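Report on the structure given below.
For clarity, chains are labelled A, B and C in written order, and residue numbers in each chain start from 1.
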Amino acid sequence: MPSKYLNFRNSVPWLIFFLEAVFIIVFYFLSSGDAFQDVSHMVIFGLGFFLAFQKRYGFSSTGFNLLIVVLGVQWSVLLEVHLEIGIIQSCCMTAVVISSAAVLGKANPIQLIVMTIVEIAAFHLSRWTNERYLEVHISMMHVYLFGAYFGLAVSFSFSEPSPNLEKNASTPKSDLLSMLGTLFLWVFWPSFNSVLAVKKDKNTIIYNTYFALAVSAVTAFALSVMTTKDGKLRMTHIHSATLAGGVTIGYAAHSIQHPWIAMILGLLAGVITILGSHCLQRCSNPVLRIHDASGVHFTFGLPGVLGALAHVILFIIRNWTDLPSLGYPIMINVGTFCLTISVALISGFITGLILNFKLLKTTPVSKYCEDQFYWKFPHLAVGF
Amino acid sequence: MPSKYLNFRNSVPWLIFFLEAVFIIVFYFLSSGDAFQDVSHMVIFGLGFFLAFQKRYGFSSTGFNLLIVVLGVQWSVLLEVHLEIGIIQSCCMTAVVISSAAVLGKANPIQLIVMTIVEIAAFHLSRWTNERYLEVHISMMHVYLFGAYFGLAVSFSFSEPSPNLEKNASTPKSDLLSMLGTLFLWVFWPSFNSVLAVKKDKNTIIYNTYFALAVSAVTAFALSVMTTKDGKLRMTHIHSATLAGGVTIGYAAHSIQHPWIAMILGLLAGVITILGSHCLQRCSNPVLRIHDASGVHFTFGLPGVLGALAHVILFIIRNWTDLPSLGYPIMINVGTFCLTISVALISGFITGLILNFKLLKTTPVSKYCEDQFYWKFPHLAVGF
Amino acid sequence: MPSKYLNFRNSVPWLIFFLEAVFIIVFYFLSSGDAFQDVSHMVIFGLGFFLAFQKRYGFSSTGFNLLIVVLGVQWSVLLEVHLEIGIIQSCCMTAVVISSAAVLGKANPIQLIVMTIVEIAAFHLSRWTNERYLEVHISMMHVYLFGAYFGLAVSFSFSEPSPNLEKNASTPKSDLLSMLGTLFLWVFWPSFNSVLAVKKDKNTIIYNTYFALAVSAVTAFALSVMTTKDGKLRMTHIHSATLAGGVTIGYAAHSIQHPWIAMILGLLAGVITILGSHCLQRCSNPVLRIHDASGVHFTFGLPGVLGALAHVILFIIRNWTDLPSLGYPIMINVGTFCLTISVALISGFITGLILNFKLLKTTPVSKYCEDQFYWKFPHLAVGF
């Protein structure tokens, strides 16, 4: 392994410096001066700790999360200035962080950096196509869907860690830290969902998101007790299902006029997440050879699909009296959904293949989920 | 115990789903669309970690805190829409979280849910009576007083854990997590105290709360050194007394015109909390059969009483020249105070009795303060 | 040691009460009513956890941080009311917290309190001199420079802990907690840098600070891999260098018109911090007898000097065409820089001497970095 490892050592800094040089040179020819949305950064900050649940991967979860966010934001600003569109870097970074969660513990920093660069480009392509050909503006739903399915497609190319590997388990301490991140996300999710909205919709979105989050958190507790054998709660259920409501409501939040609709969506989101976590991890994931390290599929993927579906159904119900004219807008909606998912899956699959070229693949399977492969501990024997 | 435990397993989900069904159906006939105050949620988030100090109860402290907040907010919105009053759900939830702290480690989720439902109803009753008959508007002081004394009255009906039980002790790690929650609360307390105030008073309240918090934190350090045998600091003293200043100032903050008055109130709050923590836990609590799990009495109760007293005294001093006409407003103030405390104590005592019906009482005393009774650990042998 | 310890026990409370009495009496004759900046408190809160990386010093890091902040703010308000200037207490407290980081684990509470009192007075003196004689208004740069060099000068008088002492090492858990503080600071740093600025500059400052922070964080990852022997990352590098960009940009942020300049400054800040951490700790610190407990010199000191230098160079480049008239403003800039550093070094050195009078020096070197010397643990045998 030493030869491989030198490879890793020699490549990370140069990759980073090369990218920084490119960024600085390109920025030299560009110029922009807008302020960022603080609230979005809080979400990215929260996601770092949300992912810190693995026993021996806390440093990498929070550290690499910071690395890809700071690299990705610069790259995203460049792309957007070029495409002459407004500010959505933070939303874009959320998609990247969600994707990185799907390969948590398996991708090394080089792979994560390459993935960030490719994913942001693909995300902007998907967004640009949507706006150009379907005249649909990006919403938070695309962010969640794109992030989740890109990540899942990437994880397809990574070999699964050996099943008796205990390293990707959590400890009570790491679960508690992850709970900290979850509660942080929970508090800021309503504001986050409203970031891309026009001003007059913001209040409605915050209100609806809040209700959906509340009901999905409640549902998480109820279903977690029902689905475990001895009637106990599971922390991972609470983590995933608490946020599922906010993901589901992301697409339709501005158009929901009654809180009870938001509440039902939250309830469905909670149900789909908990059941998904049971079925997917037992049945479909082993068949599809997907090893979804942090439950991205049922935390962001399925609730996102549910949200897109709900958006169409709610639209049909609202315009019940004028059925014939519904065809075109529904087609557009379905088209946007299919386009986003397709671009995510295809580009994710290709990215996964690229990431597993010999050149980039330096982490042996036995070193998955292991902080010590990347980080120097001055306190090795202290009782990790 | 297995039979009892099945009881718990079968009841929690159905209770939750029944409540959610009721909420959704009632919301169907209602309609409201206001935004929430983000700052209040930060406080609720902070309280979850403030309570995470027990060695083996971190999951339950943060998890159940989330559960009662999300259920309670929905219930509170319903009640308020019915009573046609403004938004104070978050304040109301703060009272519930304070009460739940008094039975921390002893109440199971079913009991907590029932307590939340009853307490919110009682809180709104107390508020409605105050506004209807005494024409006094709710302030943060009522929130703290109501929450503390309701919780203490409830804890009266719970049997005390065996004295040699070491489980409700804290570890350095859990104390540090609790410090995180405390500092969070400390930072947001000034904004929180000003949530219910009219706009022109907000700045004064923030300023005065800040000074009171600063002085009570300083006092906590001084008195903590003086009251321990070997002159060392105690983390629990710092936790409680740091916040006491913010509680005491809650009632009178808008009417204090000089920072030095706020500072003296903060000083008294620090003193009453540290001395209270010594005297209450040694003398009065064993006599009154109250086992106050997280020091709710001296963190929120006594500073609240001090604040109510200070409010009356400051009012008298301000209107010194016109003594004869003072009788009525003072009577109103004292009446509000007594009414709030009485409703809290009576409804809390009744709630405590209800919670200890056989039907709801499923946690044996030996399982108090034990996360593993409620949560599934995939990492049992990892070294908790 | 018991005799010495009684000394500590008897002195801390009386010192605190004496100060509080003075504050309350002086406030009685004064009157002020402005609101504080919430964002600044977030930074102070974050700094407490940023410093919680020492294995056995978590209680003291967060607790004493709170103590000096709450005492210092009151003292600072007094001084400023006297000097009739606006609100910069929080900035002033940031300088104090940075200084206290330099003697982390070595100074006892009495020393910290005395240091706080003296440093705030010296800081206001430096600020007043700058404004009176050089007509330069205080900026964030002075805060970072003053805090760092005052702290280093103070640490000169403290004896170094024995080199084989393992206590000031970090554990993975404490490093992760420190990462929490770092990310918190990272998120709020852009707003913090803009606190002292006039409104029209705020957006530019936030934008530039953000870019500098992003690039310095990226650089930290690259250089950390390059400078360790086996090509691994070091958490301490990430902690320091992530923030270095925000420190460097603090002085010039309002005058930078292109993001690429901010990015280059961030890059240089990252480089200087990582190289500084290598060279200083190996070569110059042992020679100068400075034991810089938490890397204040290369986290805040050197990036601050770099920022001041950059400010002058950028100023020269901007006014290239009008070279002859540049002399006076450059002289003023250099003068401010030298004045701030000189006052910091001289007053810090004197403070260090005062702090090591027998009367104040109660912590034996063997008890450095030891929570148990100051805090009572009810859980001694639990496995710290």
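In the analysis below, a contact is a pair of C-beta atoms (placed from the backbone, for glycine too) under 8 Å apart; a residue touches a chain by one contact, two chains touch by 3 or more.
What you are looking at is a predicted structure, and each value in this text was computed from that prediction instead of being measured.
Chemist: Chain A and chain B share one sequence, so how far apart are they rotationally when you fit their Cα atoms? Give it in degrees, rounded to a multiple of 5.
Modeler: Resulting rotation angle: about 120 degrees.
Chemist: Copies chain B, chain C: same or different interface, half of numbers shared as the threshold?
Modeler: different
Chemist: Please compute the C-alpha centroid of chain B, do the same for chain C, then give the distance between them in whole Å.
Modeler: Inter-chain centre distance comes to 36 Å.
Chemist: Could you pull out the residues of chain C that touch at least 2 other chains?
Modeler: 173, 180
Chemist: Residue numbers of chain C touching chain B in their complex, please.
Modeler: Within the complex, chain C contacts chain B at residues 5-6, 8-10, 12-13, 16-17, 19-20, 23-25, 27-28, 30-36, 38, 41-42, 45, 48-49, 52, 58-59, 62-63, 66-67, 70-71, 73-74, 77, 109, 173, 177, 180, 371, 374-379, 382-384.
Chemist: Taking the complex as given, what residues does chain A use to touch chain B?
Modeler: For this pair, the touching residues of chain A are 55, 169-173, 175-176, 179-180, 183-184, 186-187, 190-191, 203-204, 206-207, 210-211, 213-215, 217-219, 221-223, 225-226, 228, 230-235, 238, 242, 257-260, 263-264, 267.
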